[in-house]
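Think of it as A, B, C and D in the order they're written, each chain with its own count starting at 1.
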Amino acid sequence: MTTPKIPTEEEVLGWMTTLSNWGRWGPDDELGTLNLITQQKRAQAGSLVREGISVTCSRLIVPETAADVTSIPPLHYMIRTGESAPSSGPGGSSDFIGLSFHGLTITHLDSLCHQFWDGKMYNGKPASMVTADEKATAGAIDQAQNGIVTRGVLLDITAVKGKDWLEAGEGVFTEDLEAAEEAQGVHLEEGDALLLRLGWYKRRQELGPPAAGRPGLHAETLPWLHRRGISIIAADASQDADPSGYPNLGLPIHRVGIVAMGLWLIDAANFEELVQVCRRLNRWEFMFTVAPLRFKNATGSPVNPLAVF
Amino acid sequence: MTTPKIPTEEEVLGWMTTLSNWGRWGPDDELGTLNLITQQKRAQAGSLVREGISVTCSRLIVPETAADVTSIPPLHYMIRTGESAPSSGPGGSSDFIGLSFHGLTITHLDSLCHQFWDGKMYNGKPASMVTADEKATAGAIDQAQNGIVTRGVLLDITAVKGKDWLEAGEGVFTEDLEAAEEAQGVHLEEGDALLLRLGWYKRRQELGPPAAGRPGLHAETLPWLHRRGISIIAADASQDADPSGYPNLGLPIHRVGIVAMGLWLIDAANFEELVQVCRRLNRWEFMFTVAPLRFKNATGSPVNPLAVF
Amino acid sequence: MTTPKIPTEEEVLGWMTTLSNWGRWGPDDELGTLNLITQQKRAQAGSLVREGISVTCSRLIVPETAADVTSIPPLHYMIRTGESAPSSGPGGSSDFIGLSFHGLTITHLDSLCHQFWDGKMYNGKPASMVTADEKATAGAIDQAQNGIVTRGVLLDITAVKGKDWLEAGEGVFTEDLEAAEEAQGVHLEEGDALLLRLGWYKRRQELGPPAAGRPGLHAETLPWLHRRGISIIAADASQDADPSGYPNLGLPIHRVGIVAMGLWLIDAANFEELVQVCRRLNRWEFMFTVAPLRFKNATGSPVNPLAVF
Amino acid sequence: MTTPKIPTEEEVLGWMTTLSNWGRWGPDDELGTLNLITQQKRAQAGSLVREGISVTCSRLIVPETAADVTSIPPLHYMIRTGESAPSSGPGGSSDFIGLSFHGLTITHLDSLCHQFWDGKMYNGKPASMVTADEKATAGAIDQAQNGIVTRGVLLDITAVKGKDWLEAGEGVFTEDLEAAEEAQGVHLEEGDALLLRLGWYKRRQELGPPAAGRPGLHAETLPWLHRRGISIIAADASQDADPSGYPNLGLPIHRVGIVAMGLWLIDAANFEELVQVCRRLNRWEFMFTVAPLRFKNATGSPVNPLAVF
C-alpha cells in the first residue's frame, strides 16, 4: 500500500464546512444521512434476504463494571422472581433495567444531538436545546422511529490487514476500505450501511476489556464517506481511532460526521457471528435493520442491529 | 355471527397439557414457538419487502406517571447537556434511561421466563431459576438474540367489529380472527406473527390512559393459535382481555401461551401508523422484525418492532 | 385574633433585599442561617436531653406512586434476598434505593442551591454553578456535613387553630406563631429550629394523599423568621402555603427564605409521634438533630430528623 | 503484649449459640442490641454535650467507580439545573440519587436482616422473609426509626499499634481494645457505641482505594463485645478483618454479631475529623447519634453519624 496523505487538523476542521449537509434536506431536517435511504434502497435490502438467516450485531449487555465502562455499569434489578413462586398456580418474573448506553461497551445508536461543535448540533440547531429539564428537544432518537432498513455491507478490515485485530490508535484509511471492498467483491453505494470489523470485540473476548484507546476510522476517510453517501456506520469499536491524532477535534468522525454531515453512528457493535456467516455464505451484503427504542427526547438508544441474509 | 362456545376454566386449564409444546423441540429448548420460524419463512418475509416502506409498531416511551403505569414510570436523566456547551469547539450530550418495561404502556417483548405455572416455566424448567441475585438463568431474552424476522399479518379487529376500539374486558374470539382474515384476504400460517389491532392505543390517545382493564384475545382462541402455529403475537393492548372471565388463570393467553406453548408475546404495541399504511397499500402482510436488547438474564426487552413493506 | 396585615407581592419582593443575609457571614459563605447555631446553642440543646427519649420526625419512605408524588416514586430493588438462602451456613440480603427526594412526600433537607432568584442562589453565586455534568458546585448539601444540632421547638398550630389540620392554601401568620408560643410556654430564639405542625401528615394518613395544595407559612411571617433568627424550619407540609397568594413568587418562603436569607428548610416532615411525646411530657423544646447524607454536590438530602428529650 | 489465644472456627461457630441474644428481649424482638440503650444511657449521652461541637463520622459519597466499589457506584443525576435559569425571577435545582449502599465505600448502617445463618436471621426469623417482591418484611431498617442516640467512645487502635493504619487482614484483638481504653482513659459500658479507628479511610485518602482486603476486629473479640454490651460498632473499615482466617464463616463479626447477637454495625465510617477533635479536647466519649432513613423494608441505610461534644 501507498502511504496515505494525512490531512492537517486545519484541513479536517475545514470539512466541518465543505462536507456539511446542513440545509441539504431543508432547514428543519433532523434525519441527516438517513435521507439517503430511499424506498428503492429499502426494497433492494429486502431482495437480499434469500437464505432466511438473521444475525445479531449486538454485544451482550452485562451488568458489570469493567475497565472500558466509562459511565455506570448497566443496572439490572429483579422486581419479581421465581424463588418464592407457588408450587400450584400462577407466578411470574419481571425486572428493571437501567442504561447509560453511550460509551464503549453497549451497542448503541447515537442520535444527531449527541455531538456539538461551536455550540451547535447538526443543521445548526443550538446545543442549548438539550437541557436537564426537557432533555433533547432537538436531534433526538425518535427521528428514527421507523427504524433503519437498508443494504448493509460488512468490511472485514482485519482480513485486509492480515491480523486478528487492529490496535488502539490504529487508523483505517480510505485505501483500506477500498482494499476490503475489492477483496470481498462489494462496493458501497449511496444509502448503504457500512459495517466495520476491526476485531476489537474479538480482542475484548480474548484479552479482556481494554484499558484505553481503540482502533477506528482515520479522519482522512471523511470525504470518502461523504462521497459514497454512507447513511450509517456501525463499528465493533467506536468509529474513531483513539487517540485520533487530532487533539482539538478529539474524535473527528464523531464531530465532523455527526455534526456536519448528520451521519448516524452505531458504537460498540459485535460482528463476530456475522463475519462467520459472511465467510460461510461468501456474501458480504445483506439487509441491515436497526430499531432504536422510541424513548422521548433521548440522545440515542441501545440497539440490537440485525443482518438478514 | 354465531355465539362462540365459551370453554370452562377447567377446560382452559386442561390446555396447559393438551396444547403444551414441552419437549416438542427437545428437552432443553428455550425458543418455544420461535422454532416455527424457518429459514424459508424468513426468506418469504424478505420477499414481502417491495415498496421499501418501514413502519414502527412501538409506542413512544414517555417518562411520566399515568393511570396505566403499573410500576415506576420510565426514568430519563441527562448526564451531559448542551446548556453549557462552549460556543467554540466540541460539546456533547448523553443520558441515562431506566425502564421497568413489563406492564401496559411500554412496547415490550416477554421472554419465556416471564410467566410460571405450578412453579415451572416453559419446557418444565423450575421457576426458582429466576433469582434476585443471578436474575433469569433460564428462559431469558437473549434466546432471541438474532432477532425475530418473519411474515407479519395485521388483523384489524376494530374493522370487523365496526367500532373505533374494543372495550375493557371485551374478548376477541376465533371467529373474529377468521372474519378479519376473510375481510382482509389474508391467512395466517405456521411461523407467522399475528399483529392484533384492538384500537386500544387509539383510545388512549383520544381518551387518555385507561384506569383499569383492557380488551384482548379470549382464552377460547388458544387452540386456534396453536393449530395455526402462530410464532408471536403483538397486540396494541396486552393480548389478554382483562377481566378475562377466568379468575384462577387470570391471564389465560399469558399463562397457557407462554408457559405451555412457549408463545412469544409483545404487549402494548402501536398499530396506528401501520394500519394507515396497510389500508393505503391494501396489503396486510409484510416483513416483521423484532430486535430485543441483548440484556443478559433479563425477562424481556423493550422493543421497536418494525413492519417493512 | 386581629386580621393580619397582608403584604403586597411588591413588598415581599422587597424583602429579597431588606431581609437578605448576603455578605453577612462573608462573601463566600454557604452556610446561611446555620451560622446562627453557635457552640453555646448546641450545648444548650444537649442540656435539653433529660428523659433520654428520641423521636423520629421523618415520614416512612414508601416506594409507591401517589397523588402527591411529584417526581418518580422511590425506587427499591433487592440485590440479594433470603428466598434462596441455604439452610446451612451463610447468606445475606442487600438492596438498591433511589430517590428523587425533593417534593411533597419524602422528608428532606433543601440545600441552599435548591432555589434561585434572578439567576442567583444565596449569597450571590450564579445559578449556572449547578450543572448536569458537575452537579451542584455551590450551595450543596455537604456544607452541612457536620449535621445540624440545635434547640428545637415544636409549634402545634393545629391546637391554636382548634382543628385537626389546616387546609390547602391556609396560611400561618405571625400571630399564629406567637399564639402557639404563648399557649405552649416557649419562645423561639436565635439559632433555634422551628418545627411547624400543621396536621398535614395526619390528614394524609387519615384521608389519603392530597391531590393539590397545602397549608404553610404565610409570606407575612418572613420578617418575624428573620428577626427571631430561626436557623431551620421543618414543617409537616412544605413550609409555603400553596396557593400562596403570590403568583410571581410562587413559594415566598422558599424564595425569600432560601435565596435571600440562606434559611434551611425541611419539607414533608412527620410530627405525629413527636406531638404525642411533647404533650405527654408537657415539653415543647428538645435537642433537634439533622444529619444529611454527605452526597457530593447534591441539592439536598433525605433525612430522618430526631427530637431528643 | 501477650499472644492472644486464637479460637478455632468450631469455637467461633459455637458462639452462634453461646453468645446468642435470641429470645433475650422476647420472641418478636427485632431491635437486638439497641435494647441495651436505655433512657438513662441516652440521658447520659446528652450530658456529654458540653462544648457544643458536632462532627461527622461519614465519608463523602462520590458517584464514581473505584477499586473498592463492590456494586454499582452511587448514581447522581440532575433533574433541574441552573444552567438555563432565567436572569429574572424564580428558578431551582433538583436531583436524583441512587445507592447500593452495602459495601466498602458508603458509610451505612446494616439492619438485622442483612445477614443470615442456616437460613435464619436474628431471633430466628426465616431468611425467606426477605423477598424480591416484598423486600425485607422482617429485620428491616425502620426498626431503628427513632434513631440511635447513645454514648459513643472512639478507640484509636492506630495509636495503640503505633502506625498510621492497620493493614488488610490485620486483626484487632481484645487486648488491643483494652489497651486503647487504658491509653485513652475510657471504659466501654453496656449500651455504648464503639467507634473503631483503624486508619483505613486515612489510607484510602493517602494511597487510594484498596484493591482487596481490610483490617478489622478479630473474631476473638466477640465474647468481649457481648460481655461489655456494645450496642453498635462503627468502623472506618467494615468491622471484620478480611481475610478473617475463618473460611467458612467468612466474616465472623457480621455473622455472629448480626445474626446471633443482633448487633448493629456501621461500615465504612470516617473518623479522620473526629480523631482530631478527640485529641484536641482530650476527650474520647461523646454523644453519638445515627438517624437512618426510614426506607420501608430496606436492609439498612446510608447514614451520617454524628459525634457531639
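Convention: a contact is a pair of C-beta atoms (placed from the backbone, for glycine too) under 8 Å apart; a residue touches a chain by one contact, two chains touch by 3 or more.
Predicted model only: the values in this text are computed from it and were never measured.
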item	value
Given chain B and chain C, the chains that contact each of them	A, D
Path length in the contact graph (chain A to chain D, fewest steps)	1
Result of counting contacting C-beta pairs for A-C and C-D, higher pair	C-D
Separation of chain C from chain D, taking each centre as the mean of its C-alpha atoms, in whole Å	28
Euclidean distance of C-alpha centroids - chain A vs chain C, Å	48
Where chain D touches two or more other chains at once, by residue number	72, 75, 77-79, 81, 83-84, 96, 128, 131-132
Chain A residues touching chain D - in the complex, by the definition given at the top	65, 69, 72-73, 75, 78-81, 83-84, 128, 131-133
Residues of chain D touching chain C in the complex	38-56, 58-63, 71-72, 74-79, 81-83, 85-102, 107, 113-119, 121, 126-132, 135-136, 142, 145-147, 149, 248-250, 255, 273, 287, 289-300, 302-306, 308
